[in-house]
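Encoded as structure tokens, here's the structure I'll be asking about.
When the chains are written out, they are named A, B, C, D and E in that same order, and each has its own residue count from 1.
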Amino acid sequence: MTSVHVTDLVKDYKLREGLKRTRLRAVDHVSLELTPGRTVALVGESGSGKSTIAKILTRMERPSSGEVEVRLDDGTAVDGKAYRREVQMVFQDPFASLNPFHSIEHHIARPLLIHKRTRTKQETRERVLEMLERVNLTPAERIAPRRPHELSGGQRQRVAIARALAPGAQVLIADEPVSMLDVSIRLGVLNLLGRLQREDRLAVLYITHDLATARHFSDEIVVLYRGRVVERGPADAVILDPHHDYTKLLALAAPDPERPGGVAADTGSIDRDSIDNGVCYDHYTGQWRETGVPASEARERSI
Amino acid sequence: MTDAIPEPRGAEARPVLTVEDLTVVYEVDEPVTAVRGADLVLHRGEILGLAGESGCGKTTLAYAVNRLHRPPARIASGRITFHDRSGDDIDILALEDAELRAFRWEKLSMVFQGAMNALNPVATVRAQLRDTLLAHRPGMSKGAIRARSREVLERVGVDPARLGSYPHELSGGMRQRVMIAMAMLLEPQIMVMDEPTTALDVVVQRDILREIVRLRDELDFAVVFITHDLPLLLEISDRIAVMLEGEIVEFEAADRLYREARHPYTRRLLGSFPSLSGTRGAFIRDGGEPSETTEEQV
Amino acid sequence: SGSGGDGGSAEADTLIVTSQAGDMQINFNPFSLSRIGGLGTIYEPLFFFNKAQVSDPVPLLGTEQAWNEDGTELAVTLREGVTWSDDEAFTADDVAFTFDMIKNNPSINNSGYDGVVEVVDDTHVVFSFEEPAFVKGPDLLSTPIVPEHLWQDVNPAEDVMENPIGTGAYTFKDFKPQAFTIEANPDYWGGEPEVKEVRTIALSGNQAGADAIAAGTADWITSPIPDIQNTNENFPNYEHYTQWQSQMVLSTCSSAEMGCEGPQTDPAVRHALYYAIDRSQLNSLAFQETAAEMSPTFALTPSQDEFVSDSVSEPVAPMEPDPAQAGQILEAAGWAKGEDGIYAKDGERLTLTVELVSGWTDYITAVDTIASQAAEAGIEIEAAQSSWNEWTEKKGTGEFQLAIDSLWQGPAPDPYYLYTYFFASAAGAPVGETAGNNYSRYSNPVVDEALDAIAQLPTDDAEARQPYFDTIHAEIVRDMPYIPVMTGGTTSIWNITKFSGWPSDEDLYAYPAVWSAFDMAEILKHLEPNG
Amino acid sequence: MTNPNPAAAPAADEAAERLAATSAEDGRPIRSGWRMLLPTMTPWLAVGLSLVVGITLFGLIGPFLVGDPEQIRDQGLTGPSGEFWLGTTQTGQDVLAQLAHATRGSLQIGFLVGVLATLLSAFFGIYGAYKGRFVDEAFSLLSNVFLVIPGLPLIIVISGFVPRESRGLWTIAVVLAVTGWAASARVLRAQTLSVRNRDYVAASQVAGERPWRVIMVEILPNLLPVIASQFVFAVIAAILGEAGLSFIGLGASNSSTLGTMLYYAQNGFALSLGAWWWFIPPGLIIAMFGTGLSIVNFSIDEIINPKLKNLRLHRKRARRAARLERQLTRTASADPEVSDR
Amino acid sequence: MSYFLRKLGFYAIALWAALTLNFAIPRMLPGNPVDILLAKLQQRGGTVSPETREAYALLLGGDDSSPLWKQYFDYLGNLARGDLGVSVSYYPANVSDVISQSLPWTVVLVGLSTIIAAVLGVALGAFVGWKPGTWLDSLVPATTLLAAVPYFWLALILTYLLARVLGWFPLQGGYDVTLTPGWNAEFIGSAIHYGFLPALTIVLASIGGWLMGMRNMMVSTLSEDYILTAEAKGLSPRKIMRSYASRNAVLPSVAGFAISLGFVVSGSVITEQVFSYPGIGSRLLSAVQNNDFALMQGVFLFITLAVLGANLVVDMLYGVIDPRTRARS
């Protein structure tokens, strides 16, 4: 079992505009914890830094400051190649995340080989089929030699999940895993993820726009606004009882045919420009916490 | 709760567009019938939702209505009739090129799926508004053009100072609003919107939806709103048509559809959306507990 | 002028000649290497030497010239009443000034003038030398004379003389990079020439020259032209005329003592090759029948026949090949034919590489032809192309076996000059050092002595000189450091409808080549517009 | 969208890059990668391929079938005849024999340059774009500089300095390649940037693949059509470039190419003498080979930019659809009740 | 603004690279102008005395003793003063004079024909791309063939036919040399008459590339959403083709135009050779043939400068016509 501790993560992107250089703070002092068997949902509008966090967690980007610690049960820190084994990712676009030139088998066998999970060819093949079966891609022998274009979007996303789990990952980062899929198959993929998580006691970070699925598929929700956490707490608490203006706005904006008033529901009472991301409401402690300079301009500074 | 949504207004008397038995075929190796015998009646001032999965033919239908489909697509059968405010009926399929050009935008305007790219990247907003105006109102004075452009921008909540901007200088939401402003420019009677908010943030999306509803209320045009986000449609539309593989399988008032969907596909579609505010673990209608079956169905 | 259609040919008294080296840059300094014209036409020398045949020098600014007995003093009488084209009078001072200037400027002193000039009176000057200098006469007397009053502050090495003033039959008219024009000098001492204007137009390459003739936009070119035998039919207004001056040879790095390596250091090999060449075939394939026979004595045939030693058994190289003879010569020298038909000696195959300049298509063809002819005689020839300066450098340093090349003539129709240029030890150098013109590194004390002796004799004393020529001929025919090929023809095409008076076999008053400046100036004075 | 990083979007400012980028983005592969690489056979492509293959075979096999191209004969400049199918040159050399050898020489140059330039451009374009940051900046600056430094004059200047005898096939090929790789490096860079940003590249990185493997196995296959097209361009450019250089007398010496053949023909006044059989064939071979390659390139273009392919595929159907539709409107307007369902 | 600054920076670097390359090439490769000059002298007759040799060495400044970096800075200094050295083949003319005399010819002839080819090609390409499937499509393979033909071969054949056989045009030269160059109708008319055939060959040889490029871009552009929108707006086809499709599709061609300006002068080498046309290309060639290294370097430098300058102008222009460029820097 593996857990992830993210403390005070900061990511600055340097932007160059001719001679003027500015810095964009994509992620601003974010702390998170992913523990085995729990799903944390990361929600927030476009550009709020969700994917950046995912990239840092999968070590595709380096944080500007702050720490990401991945620890096994016995407390040993994981690093180097083992990190790649422990922490895996499912991408948003199933059409883009599989290489059209390689077979499904290749996609799953590679991580096995890289992380030396199998020794012989025979063993590798067996593991591949086993993985495919776990994600309900049956008959596995028929699926394995196919190429991505021969699969539907949902099937592809399953392959992506199998690939992520192949090296024995205990931490799964899912960056909007279903937003590109047809509506009718979204729940299927999410359910699959949920099952695997329960079976393997995975620590999952579920990144999404969609408050409704965030609520139903995660234990905890962390709301991100302009790089900062503005609210966190148990899933139901955050959605049903939002405290922060931004969370309220999100909840109001999400389509919900059950809600009285429908489209007329007025989000206008909350002025987006005056939303304060300098404070964060923590449902666990039930308290507001200062998180820094409460100005959105704090994001971009010249250096 | 649907009482906030106006009933289809004058559904009995005021149709603005009738589509009868429309079939659109893509003449490829194995011809694809993207729209199959669609029948639709659009009423003045209503918002008609068109829902369905990717590839079911929503866009094709929307294009065909304006005869914007391009070869190899062809209209294999059907009639599309526009009922003008003046009382004339226009057979869209019979229009000559010049007539068709005059009809477009003047009576029926469109906001496209990729509205982010619907603006000419090398022309300013002003120039594109002007082109549109001049195409339909040749000889319109400069002053009038300017005034009208400012007016529509203001109406959609974009600062008229942005007239001189190039599309790339605008945010996605602003571009979308500019497109809507452009669609309103000639005060058409129908506005077809093909997933106008897909690429946008939920909050921005909400703002734009509100804008559309408000403008509809003000200007009384009919809207065909296409999306696969059923909850959203349920919220804003008066009536909803559900498409499956080119066929309209269900065509109902929004609240009826929500509560007593007849077609299994509609029900399945509805079940795909967990409710935001309902009890945890419960799904709209017969969505039920997340089950392995749903998982398997993919 | 200034009017006219597509080319100057419309103007009846304007002669159009071509320069085939591309655009021009103004430069009328007669001492400059990159001068574009003016030599002879504007700036005249004291005498004109007709290289085309043995004849007396033609008096120009000088009227008489005489050496003293021992060849240390040359007295020249100058023409009276000559004026520069700016109306200043031409005097002996100008002559003295010119020669002093040359002596003081080594970079323009190409002939190595080292005399002292003394002005006797307005029309007489005397050149004196420390050593007998008979043979320097032609160079000296063909030096262009420049006006002292204008040249006092001129840097003769670097100034371009944009507005040349001379005594010649022509004066400068105008210059454009694509053409310059000179016009007849009405005050010329010899009377105003009939050809009123001469325009030189800039073209690029031989094809352009041929095109100009085809289009009738040039009246006189000296360059190869297609289908030359049928000039009269192809271009009815034109006629071609060929003169033979440049002796084509296979230069060899001949002297093993000087460090040369390869089979060609064996005289037998050189002789064998000499007999292996089929000169008739060569002439037809490579030279369009424009080349002529050649004497192994290197006296030009036929214009210098009188110099050829009686003792030479073969006064001209055979036109037909004689592989048998070649084989005999080789076998006598210890070569034996190998199984592949190529001779070999001490395990060394008789393979020779000929250096040639890429782009010189006639020579390339010639070498190709020679190669197949030599193969018949059991000699293998390979060709190696390189750029002109590479080729020059190889010849200069002696790092070559054979090179196809041509030998040029001196300032007067006298083979002496050619021998000093190409056969004298002083012009050679050991392999690795840069040689003068004697690329073959031929070094023969007998020849050197004979040349020294000739230099002590008056150039018109044929009787005294001939024994020495005999000696030289015997030596060089035996040693054959340059393998004679043929005498290359210089072909001019000229417009006979517009002008008459061109040189001919009957009256070869000058060597007809556009680029030979003094000759061209002489020809211009002889021409007359028809009609 | 998972990767909306505008800053990393290609800082493209030029045609090639933008074209490449747009086409790479919208070409969401529906077909298998490998099959995608094969152009579809069309009559045009067949013509192009047969030209290319025919001429290549002529260059490869021809020299063994013909006589000695250097062989001199006494009858110069004769027209085509039974003995000499393409006549003889001024010196009686067999034009056909020369043509075969020269074709081989030109193909050699073209192929050499194609390979060298492609290697160079692949290195600077792909590797730079993959590494990003400083390496990318430096490499793209380098290729931009090479792009604006005029090639032919540079070649001429360099040839002026290179001693003629070392100016053989290889020197010319190297010089042509060094001056000719830049444009394709830019195209490759743009393509790589767009491929690099695809999720499967990120996925393989996350899985722990080594960089070189990512480049070779994940990225390169997607670039193959572009590389192929650049290679084809390089070959055409090289053959034409060599011909031009030879024409002005700066070509590969000591080796016979179509360019040198034309040079000799020109110097031998072939055209003025009406010896078309000497002057026309070498140029025609180049032209046909170049045309063949261009046609092949059209097909590759269709792979890179599927819109072009759709255009071709749909042209016929589009006409048919339009015709059918016209019929419909005609009948419909004549009789509003009719429908042909 | 930053876009322009960045561009300027790039050009500064490119210029520096060109200058340095120009400095390095002759120093890396063998060759000694003095020897070459003297060999020429010898061929004209006579022998060359050692004094003469020394005198020439001094004149041509064959002094290589100073350290390389000093030579480099001297070189840059000389360039800054506009001193490109002395041409050997046109000795004692300055390289800069030689160049300035021939540059206008090249610029006018090749520049004009490049512009004509680009404009024509782009216009035709736009048309072919706009109406795919018409007979215009057959232009595409035809122009491909033209582009694959060796330029000089085409030019020579055309010359043979049009100038020699039919006699419509002069075979060679830049103008009737009996005229005095100047801004008068007669001279300009003659220059046009002489320049027509060379220009025609250039246009023929290069039009295909433009046509293809524009057609392909047009096809791509036509499937853009904004074209569809424009159609939906009821704009006239002419308007859509001009302001929407072509306007966007032409952008890469504009960039390509900048690059092709680089080939203006390079292409001119062969054109000028074929037509004996006065210009910088023929100078470059004669410099090479005469081993006139200073002139060679000078011409190359000039060509590079011209290309850089043209590119710079087009880049700046591009920033104006494509508003997105500025933002993207």
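Some observations on this one:
Just so we're on the same page, a residue touches a chain if its C-beta (ideal position, glycine included) is under 8 Å from a C-beta of that chain, and two chains touch if they have at least 3 such contacts.
Please read these numbers as outputs of a predicted model, since none were measured by experiment.
Chains touching both chain C and chain E: D.
More C-beta pairs touch across one of D-E and B-E than the other; that pair is D-E.
Mean C-alpha positions place chain A and chain B at a centre distance of 32 Å. With centres defined as mean CA coordinates, chain D is found 50 Å away from chain C. One simple way to say how far apart two chains are is to compare their mean CA positions; for chain B and chain D this gives 46 Å. The mean-CA centres of chain B and chain C are about 92 angstrom from one another, to the nearest whole unit. Residue positions of chain D with contacts to 2 or more other chains are 163, 249, 266, 272, 318-319. For chain C, the set of residues that touch two or more other chains comprises 211, 214. Within chain E, the positions touching two or more other chains are listed as 31, 164, 251, 273, 285, 289, 291, 329. Against chain E, the residues of chain D that register as touching in their complex are 9, 11-16, 18-19, 22-23, 44, 141, 144-145, 147-154, 156-163, 183, 236, 240, 243-244, 247-250, 259, 262, 266, 271-272, 279-280, 282-283, 286-291, 293-295, 301, 305, 307-308, 311, 315, 318-319.
Note for the complex: chain A touches chain B at residues 45-46, 136, 152, 154-155, 158, 182-192, 194-195, 209, 211-213, 215-216, 235-236, 239-240, 249-264, 267-268, 272.
Listing the residues of chain C that touch chain E in their complex gives 1-8, 11, 21-23, 25-27, 32-34, 105-107, 109-112, 139, 157-160, 174, 176-179, 199, 201-205, 208, 211-212, 214-215, 217, 388-389, 392-393, 396, 408-411, 421, 427, 434, 436-437.
On the side of chain A, the complex with chain D involves touching residues 13, 15, 46-47, 51, 58-60, 81, 84-85, 88-89, 91-93, 95-102, 110-111, 114-115, 147-150, 160, 163, 167, 175-176. Within the complex, the chain B residues that touch chain A are 1-2, 4-5, 53-54, 201-203, 205-207, 209-210, 213, 228-232, 234-236, 258, 268-269, 271-278, 280-281, 284, 287, 290-292, 294-298.
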